[in-house]
Every structure is written in structure tokens, then in C-alpha cells.
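Paired with chain B in one complex and with chain C in the other, chain A is shared by the two complexes that follow.
The block that comes next holds the complex of A and B.
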């Protein structure tokens, strides 16, 4: 099971929320691939192509990711991959994957239970590759299934939650520090602060804060962050709480407030996706 | 003219902003004024550099002359490189008069005896700064002109500013040659690095307006007075900031790093971590102008005034890399930085 999702790890994914898709059928993935392929070719003719001056053949593959779901109510993940096949070397069919994007829904009951039959809920979309390809693929889905894509920003509050949650996860080899990045752009000279804590020490702190294993409360997250802020203040007299938390990095995953995520451990992939699905649903509703 | 020299000159000229090319070539002095007048400096840089190369060809330029142009470029644009500061030490009271010829001879001799393939160039400037450019080769290959180290040595001081290239393995040899040539005993790297060479000089030569970190215990009533509001507090912050940072412009640093190995302390009623071992952290500050940025934090309401001495001590301690441990004993709230 981990092997099938291994390709998702250690890549930078840009996050979007997607409104429910109208009359989407998981049985028609091959058709969708052909239709999307034709759409891309047409856009290329119109001059809206990505590669200028180079004759390149874009191959589209749409497949299902059955492991990417939370509950049985969730729709299985859908993966879209764009590969380039150079005209020159058409015979040796060497394809280079240039873009991938996937839809998923992990424990998205809050959304799916309120939606009519004709709609499929896949509220979270993750893209890796050139922005121009994301734009073309997004346009096709929006046109075809009457849905809307929106960039998913991650608030400092959500980032704090991720910091606390991921710090508590048990990892075999704790080599990565727990890093928080803060930004103060409004100063005459902008300032960025990276605050990295040894993973064992961060986990030791979290373990004394968390009262019930398996459960996290907002209060516990607040206490955890306050501890880190006050340790910092003790040394530097700077109030980190007055700055903007923009990035959180742990051994599990890293997340940036612009809505960019990197998964580092397949073991915790579902957990992170569940949190992101929740954020996507909030943005939709 | 060697093709590699031609290419090197071409690339060096391309780095120079178009409006500065003529001035820099004049400073170089390798091409005559008459030759310079034949160049159209308003064409695109690609063409300007080709014209320059052709003229250099006519004058049979060699690598030594090309190296001088590179020094001139780096002297005017030192901020493109990252500089580290080193301090040399002498034991004893020998105050010898600095002999430039002797210095150059000894420096070259040390490097060339260890490494046959090396290009060494010197250029002296008015402020007693000696610029040294070293292009490194190996026992089997010619010096790579694109892998250069730069040394700026102010002969009246024990300080050396080094911009090493990627080949860090040559650093010990370079340091050795400096110590030998300047008649010092040894050399150590200070924990001070920046792209702004002039700011590094400002810091070690104490050329900035310093703050006065003396202790003025305020009279008891003042200390126990209720916190002031509104403009009084603003004034207090400005005053305290000035005391901490000094009045003048700050030296320009982009970076400061603190390795914290201090204890985690919390409010006992919070019932959290209470370990006997240090809470290990690595804190990094980044800014296009770090000290000015830090100075603006308290007025912006994001920090207390006075700011921590860990930050305000950067110019006086002449370092921007720190390891902080807990100070044992009487004042458990204070820190030491070895």
C-alpha cells in the first residue's frame, strides 16, 4: 500500500479547494483523459500553449487512487498526469512526466452528506508542475463538471495546529527538526525568523501538554505554542505572537501559508489529508 | 591570445553593468584611451564584450592582466560575494614595519611551493587594503579562473576578509600563507559573515556609532513608577533603542544565527515540560538589513525595549553566529555566549 502512494512524497504540492463535481463518473476516466487531451491540443492551437516553438505531444492519463480515501463514504482519489513525448523520439516512447494533479476527499462527510446525488465530492486538489498546466487542467474540469477551483491558503491558526499535531507523531528516525518560520513583512526592512527545535525536545514538550492521547484540543495547541513563544521571548525579547507564522516543517510534512504542502512520511499521509480536506471544505462552505 | 583568456575577459565584461564598462576599463588601463574610443558602449553588452576581447587580442592580453580586471570588478561590487572575517594573532611585542614587497613574495612562495598551478594577483588601494586574488588549480590541472578566492588584508590591522570559493579545502593553505607572509603567529575565523564587506569592516574597525551598554541603575522611584502610556512610552522606546543601537546607521548584515542550549522554563502552574536537559533550538534571523530591522521591532510593537542583548551585542562582539548556554549560579535568567 505505501508503494502506491510513494510518488506523492517529497514533492511540493500547491493546494486548491474544489466545489462538488456535477455528473462526474469514476467509470469514465479513460474518456476524460481523451477529452482533456483534445482540450489541451485545442488550447495549444489557439496559441495558449505552454511550450512555445517546440512541437511536443502531451499525453494525458487519468486514474483512480483507491487508497486515497478516509471512510467508505469518501470518493476515491483521482490522479491526472501530463507527460511530454517529443516528436523526434516518438518510436522509443520515452515520456517525461511534466505535471500531476490529484483530487481527493479524506473524511469529507461534512460536505458529502449535504450534497445531492448527482454531485461527487472531491474537495481537495493538489498540483505539482507548471502553473500554466494547472490552469489548463483546471479550466477543463470547471467547464466539464461545473465546479470551481480556488487556491487554498493556510491560516497561522491551522499552521499551529499542524505544528502541534505533527510534533506528537512518532517517527522512527527523528532527524528533522520541528521548524517554524515567521515573517514580518511590514517593517522598513522585512524580517524572517526561523525557529527550529530539536524533534525530541519538541515532542517531549508536546507530550506534557497533551492530556488525552489521540485527542487534541485548541487549548492544548495554544499552550504548546505559548510555551515556544515564551522560550523565544525569554532569549530575544521578541513577541513571536505579533508576527505572522508562515511555514511549519516537521519530519511528517511541511506546510506553507500560501497553500503549499510536502508529505514526508507515507504513514501519516491520510492524517494530513484529513486535515487538508477539512480546510478545503471550510473554504467551500 | 589564449582562448580561455579571451573567454574569461568576455565573461568578466558581461558581468559589468553597461554604463560602468568604460570606467572600469579605464581603471584597468590595459587598453589605451584611443582604443577605448573605438568601442561603441551603447550597443548591447554582448557586442561590447566582443569588441573588448578583440582589442585585448590586439594587445596580447594574458591571464595576469585579465585577473586584474577581475579584481577591479570585485573591488567595486564586493557584495556579490559572501565574506568571512579572520583575525591574526601575534605573540610578543614585535612591531615591525609592514613591507609590501616582502609580504607578496612570502605569500606567493608559500602557495606556489604547495600548489604549482595557481594564479596569484595583488592590487593595493588607498586605505591600506591589499586585495589578493587566487585562482586554484590542482597538481595536474591549470588554475580554474572561475574558482577564485579573494582576500582583503588591511596591513595596519590583524584582520583579514576572505571570500573563499567553492574549494574550501584550499582554505587552510590560504590562511597559512597569510600568517607567514604577514609575520603573524596564527589565524582564527571569527563568527562573522556577510555579503556586505564594508559593513564587516565597519564592525571590526569600530567605524559605526556605538551604543553605550553601561549600567545606569535608575533611582528607585523611577523604576517603580507606573507604566507610562501613549507618547511617553513611545519616547521611552525610542530612547532605549538609541541607547542599545547607537545613533548612526547600522552596519549591514543579512543574517544572524543562534544555537540555543538553554533550559526550558515555564510558569510552574502550566504543568508542562520540566527537564533537566537543555531545550535545543536553532534560531535564524534573515533580513536585507538585519540590524535596522531589529531596531524597528520595538517601535512596531513586536518586541520589548530594550531588545535582548543577544541581538544588540552583534556589532560590538563582532559576530553573527552564537552558541548560547545557560549561565549557572546567581542569575539563572542570564546567558553566556562562549
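The block that comes next holds the complex of A and C.
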């Protein structure tokens, strides 16, 4: 099971929220793939090839990701992959994947319980690859299923939740430090502060803060962050609480406030997706 | 330098003396023509003027000193950004910009405003290339021209002659600064016949001189694609981007013009095929404010194949939405019309709105709900940072939503939610009239957070804004009340659950919601009148509101009778103008009619009433009417009033004002508001008497 989702790890995914899709049928994925490839070919012919290559042939694959769901009420994930077939050798061609995107819904009951049968709830969309492909695929979905994509930004508040939650997760080998990146406002030149913490120290701190295992409250997150801030202040005399938290990286995953995520551990994939699904749903409703 | 024959016109032209300084002969010519021009001051004429000016302009006209030049330049820029320039305009403007006659600042602005409304004639491009060869203009202008040409390439109507100029363009590769842009242009122009060995050699030479450059590689790769046998060097397989994105300021403007033109056309047009490039970075791919209606694609979907199979005997093909142009077509095809693939397109299509009104389908309204909700939130210019430059587009979008609501005579719930979310952040300035009009369509419901989400933000803005904003808010709240009352009346008879979310409330809930609104308006009116010093304009809007309120019982069949607050009644009674006084009298009269009817219904016990109006309402009315009668008729203005905030004052206090006849000072004859009428009466009755003896009027 972790093998099937291994390809999702260690890639940078751009996040979108998607409103429910109308008359989407998980049984017709092949049809959708052929429709989408016809659409892409038509768009390319309209002459936007600023990219010269030996391509002119994009293969579309739409498949299901049955492991990517939370509860049974959730719709299984849908994966769309665009690959280039090199023109030189049509048969036995090496297909290089140029873009992939997937829809998923992990514990999205808040949304799915309120929509009628015709609608499929897949509120989270993640894309990796050129923006031009994302726009073509997204436009096709918008036109065909009357849904609406929106970039999903992650607020500093949510990022601090992620920092706290992910620090508490047990990881086998802790290779990477926990890193927080802050951007300083109102300066004539851009300034980013990167704060790296040894993962074991961070976990130790979190363990003292968290009272009930498996439950996290806002107060606990605040205390955790305040401890980190005051430690930094003691050394550098800078109040990080006045800056904007823009990126959080832990051994589990890393998240950027512009809505970019990277998964690093497959065992916690569902947990992170659950959080992201919640954020996507709050942007839709 | 100036032609001499114009000189004598200076003497006869008075404006020349007023302006002083150097007189531009062009300007005096313009002044001569001005009476005629002012009559048709439409934009088209100003554009034509500007074009003829540019055609004739001599060199070295400085922008700073010449207001005529400025005026024409601004005219060109504004027409370009509104509708785009017509094909005829390009020749003139390109010639001026590239001939180096005027300063670079002017040339840059001209080039930047070259937005096509439809097509660009090939001849203008060809002649501008010849200017380029002569190099009369500066290097920067040449670069800007190339960037422009690349951006609008698809708009040029024919390209045969431009292809013939391939060699000319090729020769520009020598210039190091122009090289990347020329490569991009050649990339667009290259066809198989353009690939010649000497050109390949030239490119390789350039590469040897300048080093490996992505733009040169691009052109070489394209050559290799066409003629692989001629290009023998190895080239990297693929590169992400060969050319820097040189879209410049035109892309966004072209898209804006296109959208505006689409809007103005009565039938939604398909997307402009000429610029089928992905939307510029500024306009995101996922967010289109205006969507053309298109039917769902039905090819290759098994489900539909089956459906068509079954219906083979009945010609039950659905009518494609794109062909729906007239109302009669809608009527004829209503049984086989399907909604478009994207519900957002109904906003600008009245026929589809009609159709939506007939078919009460939950999926349909949910699709529209999601699309509208997301679009409103994403494009809201005061909620999203750095999007204030899209205010015009958002304003138009809000306008469309409002028009659709007026058409359907009900509000959209996504719009309502948007207002609740965005009003607390609103500055009261951005898209003001659109937002206030949308407020008037908020549906009637038992929304418990109405106070904090709607009334509090509105109150905050109301108290801190100008008189006109206050009046706009009052007007919009009056319309809100009317929409609620109309909705109530239209749903009184229908027992259906079509309006699902409201049916849970009882009549008393409804009454409470309406009462809350009326009390809110009463409160802000009282404070507002004090802030604006009993302004007549404001009083007009307030009394207009109460004109609706006083008749609720009889006209809208809702058991609600609320008196205006003292802070509204007394300023109106004692106001300085007759309009307010008249309105107040009418309102009091209507109140009486309503109260009497209510009392009769109560007493007659014809029907079992849920509501008995408390005696307090009657008491309040009586107090007001006593005060009014005391003022206007019985000349006992300050004595009879029992209202706690009323006019009752002791005689000693009144004597201190040293007004002689204070008791009669507010009756019909002597009331300051009625002064005009009293005078008129005296004039008509005793036309010769010039002293205004008001005691003659009894």
C-alpha cells in the first residue's frame, strides 16, 4: 500500500481547493482521459508552443487512487498524469511524465454530507509540473464538471498548527531538522529568517506542552510557538512573533504559505491530507 | 516655423489672450472648431481628432509644454484601454511613434496604447518595419515595438507581406539588444521555405560570437525541425522556456478589452480565437468573470450513447445552448434545453435566467452557488491584497450579479454570504453603489448573526461617512425592506416548500426580523440626523423609508406597526422645508389608517388574531399626533405635548427666546416650512398688498 503512493513523496505540490464536481463518474476515467487529451491537443494547436521540443504528442492517463481516502464516505482519489511521447520512436517510446495532478478527499464529511448525489466531492487538488499544463487541465475540469479551482493559501496560524502537530509525530530516523522560515515585513529589502531546530529537541518540547496524546488545542500550539520564539529572542534579540511565518519543514512534510506542500513520510500522508482537506473545505464554504 | 496665415487669428481669438504665452496654432484652430466639437463630445470623435492631429504633427513638439498633444495622447490612451483602437488607427500612430518626430516619452505611451479592438492591418506593420530599417527612432522604442509586435502577432489580419519581410527581420539579428526579440519574432514567422543554409550559417556565427543563447537555440531547433538535414549540430532536446515572456502591458489590456466587448455584445460570443493563448499571469486561468454559455460535450460518453439509443424514435436531441438567441426560441425549445456546462454563464444571459427560473433544480442552483461564491471571494478587491487594479472588472461583475437578482426578483445565497464575509472589511468606497444595491437583495431569513454581520459593519460605515453615503445606505435599506415585504406577500398563499430554508420560521419570526431592521434604521436615522444637522436630503430618505413602514399592515398584510423614533419625528415636524413636513403628514395619516384598521379587526373578532397590538403603539401614535396638531392647528405648540422627548416647554423659558408669538410660530400659517405657501396665498388673495401681513390668513 505505501508503494502505490510512494510516487507522491518528495515532490513539490501546489495546492488548490475545488468545488464539488457535477456529474463526475469514477467509472468513466478512460473516457475522460481521451477527452482531456483531445482538449490539450486543440489548445496546443492554437499556437502557444513557445516550447520547442520534439513533442507534439501528450499522453493523458487518468486513474484512481483507492488508498487516498479517509473514511468510507470519501470519494477515492483521482490521479491525472500527462506524459510526453518522444516523436522519434512512436513504439516502445519512453514516456517522460511532465505533469501530474491528483484530486482527493480525506475525511471531508463536512462537505460531502451537504451535497446531492449528482456531485462528487474532491475538494483538494495537488499539482506538480508546469503552470501551463495546470491551467489547461484545470480549465478542462472547470468546463466539463462546472467546478471551480482556487489556489489554497495556508495561513501562518495553520502553519503553526502543522509545526506543532508534525513535531509530535514519531519518525524512525530523524534525519532532517525542523525548520521554520519567517519573512520580515516592511523592510526596503526582502529578509527571510530561517530557524532550524534539532528534531529531538523540538519533540521533547512538544511532549512537555501537549497534555492529552492525540488531542491538540490552540493553547498548546501557542505555548509551543511562544517557547520557540522566546528561545530565539534570547539569542538574537529578534521578536519572531512580529514576523510572518511562511514555511514549516519537518521530517513529516514541509508546507509553504503560498500553498505548496511536500510529503516526506508515507505513513503520515493521510494525516497531512486530512488537514489540507479541512483547509480546502473552509475555503469552499 | 508656424505657418504665417494663422497669425491674424490670434487677435480675434479671445482665449488666446487669456492663455497668454506661446500660442500653438493648432490650439487656435481647435478653438475655432470647438463649438461644433463640443456637441458631439463622444469618444469616437475625440479619437478621430487625435488621429488627425498625429497625422499632421510636425517635429519636436514637447509633451510638457503642449497641452493639445497631451489631450490627444490621453484621448488615444483612454479609447485604447476602453475599447481598443480601430484598424485605421494603427497606421498613423505607428508612423508617428517610429519616425522619431516626437520625444521618446510620447512614443512609449503611443506604443503602449496600441491595443487592437479587432484586427491590425498588415500595411501598418509593413510601413513600421520600414521605419525600423531607417532607424529614426531610438533603440528603446525599437525594442518596445518588437515586443508589441510579438504580443499582437495573432491580431494581424494577413501575413503574406510580413512573411516576405523575413529577410529584413533576419538582418536585425546583428543588433545585440534586439537579437532576443527578433529571434522570437522570427520563431513566429518561420516556415519551411524560410530555412536557408546561409541563414543557418549566420545563426551559427552569431552563436560563436555571443555564446550559446536560448533564443538562438530556439530558432536553430525550429530550423532543425523543418529541415533536419540542413542543421547538423546537436541541440538540447527540450528547454523549459526559450523566450523571456515579453507580453508587456498589452496582454492584460487586450484581455480586458476583449471581456468588455464580449459584455457589450447582446449575444455571448465564443472566446476570441485570435488570442487563444492562456490568460496572462494577471488574469488567472481559473477565474473568469464572464463565461460564454456552451453546451456539455457529449461525444464518446457511453452513458449518453445509451440515452440516444433509447430515444431514437423521438427526436429528443437537446437544443444547443449556443444557438439560443431569442425568447421565442426559448419557448419553442424549452422542453429540450439543457443548462450550459458552466452555470456561471447564465449571469449575462437573460434567456437562460428565464429558464433557470422555471426549472427549480437543486443541482442547478448549487452549481451556481459554488461558482458565484468562489468567484466573489477570490475577486473581491478589498479582501484580496494587491487587486485594487481590477476594481473596474469586479464592479462590472457585481453589476451583473445585481442585474440577475433583479431579473429573478430574489437574492443569491452565495451573494448574501459574500456580503456577510466582506462587509466587515469594506471601506465603504470600493464598488460602493454595487455593494449597497446587493445589500438590498439579501433574502429574508432568520439569520441569527444578522446584527453582527450586517448591521454592525453598516452602522460603523454609516456614522463615519459623508452625507451621500448615509443617504445611499438608507435608500438601500428601504429597498431591502420592500424586497422582504414583497417576498412575504408573494409567498403568503403558496404552501409549497420551495423556499425551503425559510419555512421553519413562523410568522412571529418573520415579524421579528423585519422589526429588527426597522429599529436599526430608526436608530441610525436618529443619530445620522444629529450628525448631519437635520439635513433635508437625509430627512427625505428617512421619511421615504417610513412611508413604506407605515403601510406594512394594510399593504403587505404583516402584523407590524412601528412608529418612527422621536429623533425622526420632531426634526421633520420642525423642519425648514415643506417637503419633509408634507411627507410627515402623509405618513401620520397612513399610520392612522393602519391603526384604525388594526383596531377594527381586533374589535370585530372576525378572525382569531395572533397579534394584538399593544396599547403602547397606540399611545405613542397619540402622543405624536397631539404634538402635531398642537403645532400646526391649535397654536399650542409647546403645551400639549406629552411625549418624553417632545416639545413641551414652560412659558418662562419660551419668553426668554424673545419670540413674540411663540404659540403660533409653528402653525400652518407661520411655520417656516410653510412660509412659501403663505406668501403665495397672500399674493394671490391681495395682489396689491406688498406688506406680508400674515395675520390676514385665518
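In this text, the second predicted complex is superposed on the first by the 276 of 285 C-alpha atoms of A that agree within 3 Å, B and C clash if a C-alpha of one lies under 4 Å from a C-alpha of the other, contacts with A are read in each partner's own complex, and residues count from 1 in each chain.
The rule is simple: a contact is a pair of C-beta atoms (placed from the backbone, for glycine too) under 8 Å apart; a residue touches a chain by one contact, two chains touch by 3 or more.
Everything numeric here is computed off the predicted structure, so don't read it as measured data.
**Q** Is A:149 touching the first partner chain B, the second partner chain C, both, or neither of them?
**A** Once the two structures are laid over each other on A, A:149 reaches chain C alone.
**Q** Quick check for you: in the superposed arrangement, does A:243 touch first (chain B), second (chain C), both or neither?
**A** first
**Q** Given the touch rule stated above, what does A:139 touch, chain B (first), chain C (second), both, or neither?
**A** In the superposed model, A:139 contacts chain C only, not chain B.
**Q** Given the touch rule stated above, what does A:201 touch, chain B (first), chain C (second), both, or neither?
**A** Touch partner of A:201: chain B, not chain C.
**Q** Name the contact category of A:231: first (chain B only), second (chain C only), both, or neither.
**A** first
**Q** Is A:190 in contact with chain B, with chain C, with both, or with neither (first, second, both, neither)?
**A** first
**Q** Which chain A residues contact chain B in one complex and chain C in the other?
**A** None.
**Q** Applying the document's contact rule, which stretches of chain B touch chain A when the two form their complex?
**A** The touching residues are 258, 260, 262, 264-266, 270-275, 278-290, 292-294, 296-297, 300-304, 306-308, 310-311, 324, 333, 335.
**Q** Residues of chain C touching chain A in their complex?
**A** 154, 218, 221-222, 225, 237-243, 273, 276-279, 284-287, 294, 296-297, 299-303, 341-343, 362-363, 366-367, 370-371, 373-375, 377-378
**Q** Show which residues of chain A lie in contact with chain B when the two form their complex.
**A** Going by the criterion above, the answer is residues 177, 184, 186-198, 201, 204-205, 208-209, 223, 227, 230-239, 242-243.
**Q** Show me the residue ranges of chain A that touch chain C in the complex, using the header's touch definition.
**A** So the residues of chain A touching chain C come out as 16, 19-20, 22, 25, 28, 31, 34-35, 43, 46-48, 50-55, 115-116, 118-119, 130, 132, 134-136, 138-139, 142-144, 146-151, 283-284.
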